[in-house]
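There are two complexes below, and they share subunit A, which is joined by subunit B in the first and by subunit C in the second.
Presenting the complex of A and B:
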């Protein structure tokens, strides 16, 4: 019954958006305007009903719904019943639709844009929405019901039963799907030839919001990978990670171009190109993941008919957009004032760096597929490729980033250049000292130097601006510098946690301890706990610094009854300078195998990312 | 002279415009190229569930399988002569195996001549017995592969995996992951005739 309501909601939402598309072409002002907006509201409300229906089926463990049967179990905690709604392919596509209409709805409240531009944008967004509803209906219907009576479900994959992963998909999708609105805006602006200051401002705000959400989603995913997978790392160049990174980079390029050129209205064609590219990459990524072409930790049920449908969808959306792009794009007459080092040239370098990085990742991700089509052999492109190619590409960008926001438009001059020069030299000396007193590593040295330079130069720029503005203005004006400080902090974190990570493997009896530098770690006890849907084996460790107790660390292993799977839960102690990361292994002759990772400065990554997200959101307020 | 120069200017202007259009259509061209590659890939049905296997079209490896229900009974290649066999690797701890399990009853019913062997991979005997008791036993023979050595001979990546062996003892088909009705109908059934 409840499945029927959900399915009905989905169909009604489709009908509403089709009505909206048709009514758009009717010129009769009197009625069409009201019907246009009512159709929009109708499709939003009915998709909400549909989504709630699916959620209700999950919460009430209604196993007559095939989707619930496959992905849920009655003994699951309530939180994971709710999040189970989007923990599978079909449900997550429904979430995708929900977010897509929300963007359409909130965009329709915009009062600044011209009416025709606004309506055309809503029209395009609804058309995109219609395509995706058809996709859901034909290949991934979450409301299929089973005719036989089933008492129990198959259960949600235990590694997905985690709070970080519960909010990871909604946040990620808010980013991914949001780019659809940016695409709609770009198409509408192109067709009406209205890529003007109002368009740029609106697009900037939406892009910033989507990009911030995408950043949040990606970092939540990688934080989850860090503590749940038990490999001590947080980024694995897994195809799915790459696929989310590509629209992120394109979005970053777009954000920068929009922010910098909004007053001058330069590079309009390029902005439109990037706007189209962002959503294209999102759909492309979705295709790669959902068609099952790429295998990774994100194993969605693979189905080749589904793959072909998304591929066609991708081709139609991007093909249409780029055809419009060829025929309608007009560039402004203004020429870029390119000097050796000024704002425009920095912007160009920024865009080149981002685009090359994006293409490199794309190539590494689809290269195995192309090779398999041509030679029928399977090769794999892994982390070494990406580390060797993407990182060097990013380096000039990082270097430029330290001073770019302080550059001027018209001249080669960097104000107070001497201060920056002194700072660069000081930071280089500092980083040489740091590497001299730890151990030398080329990447470590480069990373630390860059990180320090970026943080230092941005702080210096803020200092130059100091006292010019009041408190509120201060944040808005210095937002770019603050964001770049975040990046610098993240660079330090990434460098130190990957280059200077240390790993220790030991076997310990209960009561034994091991020494790591000035720290010592003692295995106190082990215990077996019975929880609602799993059995947990907990180990208690005490961490001492110079014989003073710092903290207790509790790594564990869980055995989930329903899916008969064992998961590892790493025990982590966050010291502000480093993480102690303990993974519990097997028991052999009363001894426990344990792995200990020391990850220096890893918290800087999360801190830096948070700063980036915040300043992204603050950037929306900036006029 | 002057006319000639004008023409020159018009010519370069047109050429520039053409170049610009070409540059603008570059993204479209790239996208069409990539999509066509992906489409070929999809149409060839090279999904990751069927990696190119070294064992394909090779003879069945030497096996000696102890019966799960009776430790004294051993199945070896000699017993399998001139039979068409479907070998399925499963385990009680493997959730996807549970998904494909009911399908084997179906297969057995429709193809009684097909000899179904289940190989219990890296499992505890009591758990496996309990599993087959609860889910039912569609197999003609259930072999034990406690240490995973049989799986190693077959090159098993992960559970479940299914192999089809023809009557002359050659492995002619391999499927990785839970078998579905569609796969069976489209890919295995044609091979049975």
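Presenting the complex of A and C:
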């Protein structure tokens, strides 16, 4: 019954958006405008009903729904019953649809844009929505029901039974799907030839919002992988990660171009190109992940028939968009004032760097597929490839980032150049000292120097800008510098946590301890706990600093009865300068194998990312 | 500096940057590719000592030896040929006898590979696509592996 309501909602939502698409072409009729908006609201409300119906099936463990049967179990805690709604392919696509219509709805409240531009954008957004509803209906219907009476479900993949499932996918999709609205805006603006200051402002706000959400989604996912996989790392250049990184980088390029050019209205064609690229990359990524062409540690169950559908969807959306892009030109651009070092050339360099990085990641990700098709040999492109290509490519971008926001539009000089130069020298000396007193590593040295320079130069720029602002003005004015300080902090975190990570492997008896520098770690006890739907083996460790107890750390292993799977839960102690990260291994002769990672400055990554997200959101308020 | 000269400089720098990027990609895609073999394919390949490779196959029954102190030896097989693997570290939770696994490592000497990473099946329904293909080729594919 409840599945029927959900399915009905989905169908009704499709009908509404088809009505919207047709009514759009009936112009100058008395009721068309009213029907247009009512169709929009109708499709939003019915998809909400459909989504709630699925959620209700999960919460009430309605195993007559095939999707619930496959991915849920009645003994699962309530939180995972709710979040399990999007913990599988079909449900997550329904979430995708929900977010897509929400963007359409909230955009329809916009009062600044001209009416025709707004309607055309809603039209395009609804067309995209229709494509995806068809995809869900034909290949991944979450409301299939079984006529056989089933008492129990198969259970949710234990790796997904984590609180992060509640926020990571919705946030990530808010980012991915948001680019569809940016695409609709770009197409509408291009066709009506209305890419003006109002268009740029609106697009800037939406892009900033979904870019910030995407940033949050990716970093949450990466934090989740950090404590769940037990590999001591947080980024593995896994295909699924790369695929999310590509629209992120393209979105970053778009955000910068929109922010910088909004006053001058430069580079309109380029902005449109990037807008199209962002959503194309999102869809392409979905194709790679969902089709099962690439294997990944974060993999969703895959099905090749879906793959073909998404591929067609991708080709249609991208093809259509780029055809419009080629045939419709924007009104004549202002001439770019390209000098050797000024804001416009910095912007160009930024865009070149980001796009080249994006292409490099794309190549590395799809290279194995190409090779397999051509030579029938199987290869994998590992992390070293990405580290050795993407990082050097980003290097000039990072260097430029430290001073770019302070550059001027017209003249060819950096104001107060001397101060920056002194700062650069000071920071290089500081980082040399740091590496001298720890151990030398080329990447470590480069990373620390870059991070310090970026933080230092951005702080210096804020200092130069100093005037009597109130609190709010301060943040709005210095938004770009603050974001860049965030990047600098993240660079420090990434560098130190990867280059200076130390790893210790030991076998310990209960009561035995090991020394790591001035710290010592003692295995106190192990215990087996019975939880709702799993059995947990907990090990209790005490961490001492100079014989004073710092904290208890509790790594564990969980055995999930339903899926007969064991998962590892790393025990992590967040010291403000480093993480102690313990993974519990097997037992042999009363000795427990353990692995300990010391990850210096890893918290700086999350701190830096949070600063970036916040300044992204603050940027929306900036005029 | 004239405006023209500055633009020329900018273009030159962009070109240098682009060609560096291309060189980096070409160089690294030659150096950092890891070939994926089954044990039989591996024996037919001309991999030399010290090469980085990935091997996919099954963990042979009763071949896992826990030497203590986080050190393991085990054998990977594709039911025709076998390879000896040594590994230091914590094995993944789903690493079991007669289950699919992929190991990444370097060739120490003939037939012995020192694994740096061991990947096991991700969950009960998951099998690395490349192993699946190989099993299908050899008609060892059981329906219950999804």
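We adopt the following convention: the second predicted complex is superposed on the first by the 618 of 623 C-alpha atoms of A that agree within 3 Å, B and C clash if a C-alpha of one lies under 4 Å from a C-alpha of the other, contacts with A are read in each partner's own complex, and residues count from 1 in each chain.
Definition applied: a residue touches a chain if its C-beta (ideal position, glycine included) is under 8 Å from a C-beta of that chain, and two chains touch if they have at least 3 such contacts.
Treat the numbers as computed from the prediction; the structure is a model and nothing was measured.
Trainee: Based on the shared subunit A superposition, would you classify subunit B and subunit C as clashing or fitting together?
Mentor: After superposition on subunit A, subunit B vs subunit C: clash.
Trainee: After superposition on the shared chain, which partner residues are touched by A:381: those of subunit B (first), subunit C (second), both, or neither?
Mentor: Once the two structures are laid over each other on A, A:381 reaches subunit C alone.
Trainee: Name the contact category of A:593: first (subunit B only), second (subunit C only), both, or neither.
Mentor: Second partner only.
Trainee: In the superposed arrangement, does A:345 touch subunit B (first), subunit C (second), both or neither?
Mentor: second
Trainee: If you stack the two complexes on chain A, which partner ends up touching A:176: first (subunit B), second (subunit C), both, or neither?
Mentor: In the superposition, A:176 contacts neither subunit B nor subunit C.
Trainee: Should A:235 be classified as contacting the first partner (subunit B), the second (subunit C), both, or neither?
Mentor: The answer is neither, since A:235 touches no partner chain.
Trainee: Return the chain, subunit B or subunit C, that is in touch with more residues of subunit A.
Mentor: C
Trainee: When the two structures are overlaid on chain A, which partner does A:143 contact: first (subunit B), second (subunit C), both, or neither?
Mentor: Neither subunit B nor subunit C is touched by A:143.
Trainee: Quick one: is A:199 in contact with subunit B, with subunit C, with both, or with neither? Answer first, second, both or neither.
Mentor: It touches nothing on subunit B or subunit C.
Trainee: So, does A:311 touch the first partner subunit B, the second partner subunit C, both, or neither?
Mentor: first
Trainee: Touch test for A:211: subunit B only (first), subunit C only (second), both, or neither?
Mentor: neither
Trainee: After superposing the two complexes, find the one stretch in subunit B that runs into subunit C, choosing from 27-35, 45-53, 63-71 or 135-143.
Mentor: 45-53
Trainee: Looking at subunit A, which of its residues have contacts with both subunit B and subunit C?
Mentor: On subunit A, the residues that contact subunit B in one structure and subunit C in the other are 292, 295, 377-378, 563-565.
Trainee: Name, in rising order, each residue of subunit C that touches subunit A in their complex.
Mentor: Touch residues, subunit C against subunit A: 1, 3, 6-7, 9-10, 13-14, 17-18, 20-21, 24-25, 28-29, 31-37, 54, 66, 68-70, 88-91, 93-94, 104, 119, 122-126, 128-130.
Trainee: Inside the complex, what are the residues of subunit B that reach subunit A?
Mentor: Residue positions touching the partner: 21, 24-25, 27-28, 31-32, 34-35, 37-49, 51-52, 92-95, 98-99.
Trainee: Which residues of subunit A touch subunit B once you look at their complex with the stated criterion?
Mentor: 70, 154-155, 269, 273, 276-277, 280, 287, 291-295, 302, 304, 307-308, 311, 314-315, 318-319, 322-323, 325-326, 329, 366, 369-370, 372-373, 376-378, 563-565
Trainee: Given the complex with subunit C, which residues does subunit A contribute to the contact?
Mentor: Touch list, subunit A to subunit C: 157-159, 230, 292, 295, 297, 299, 301, 338-340, 345, 348-349, 352-353, 356, 360, 363-364, 367, 377-382, 384-385, 388-389, 392-393, 396, 412, 505-507, 557, 563-568, 583, 585-586, 588-589, 591, 593, 595.
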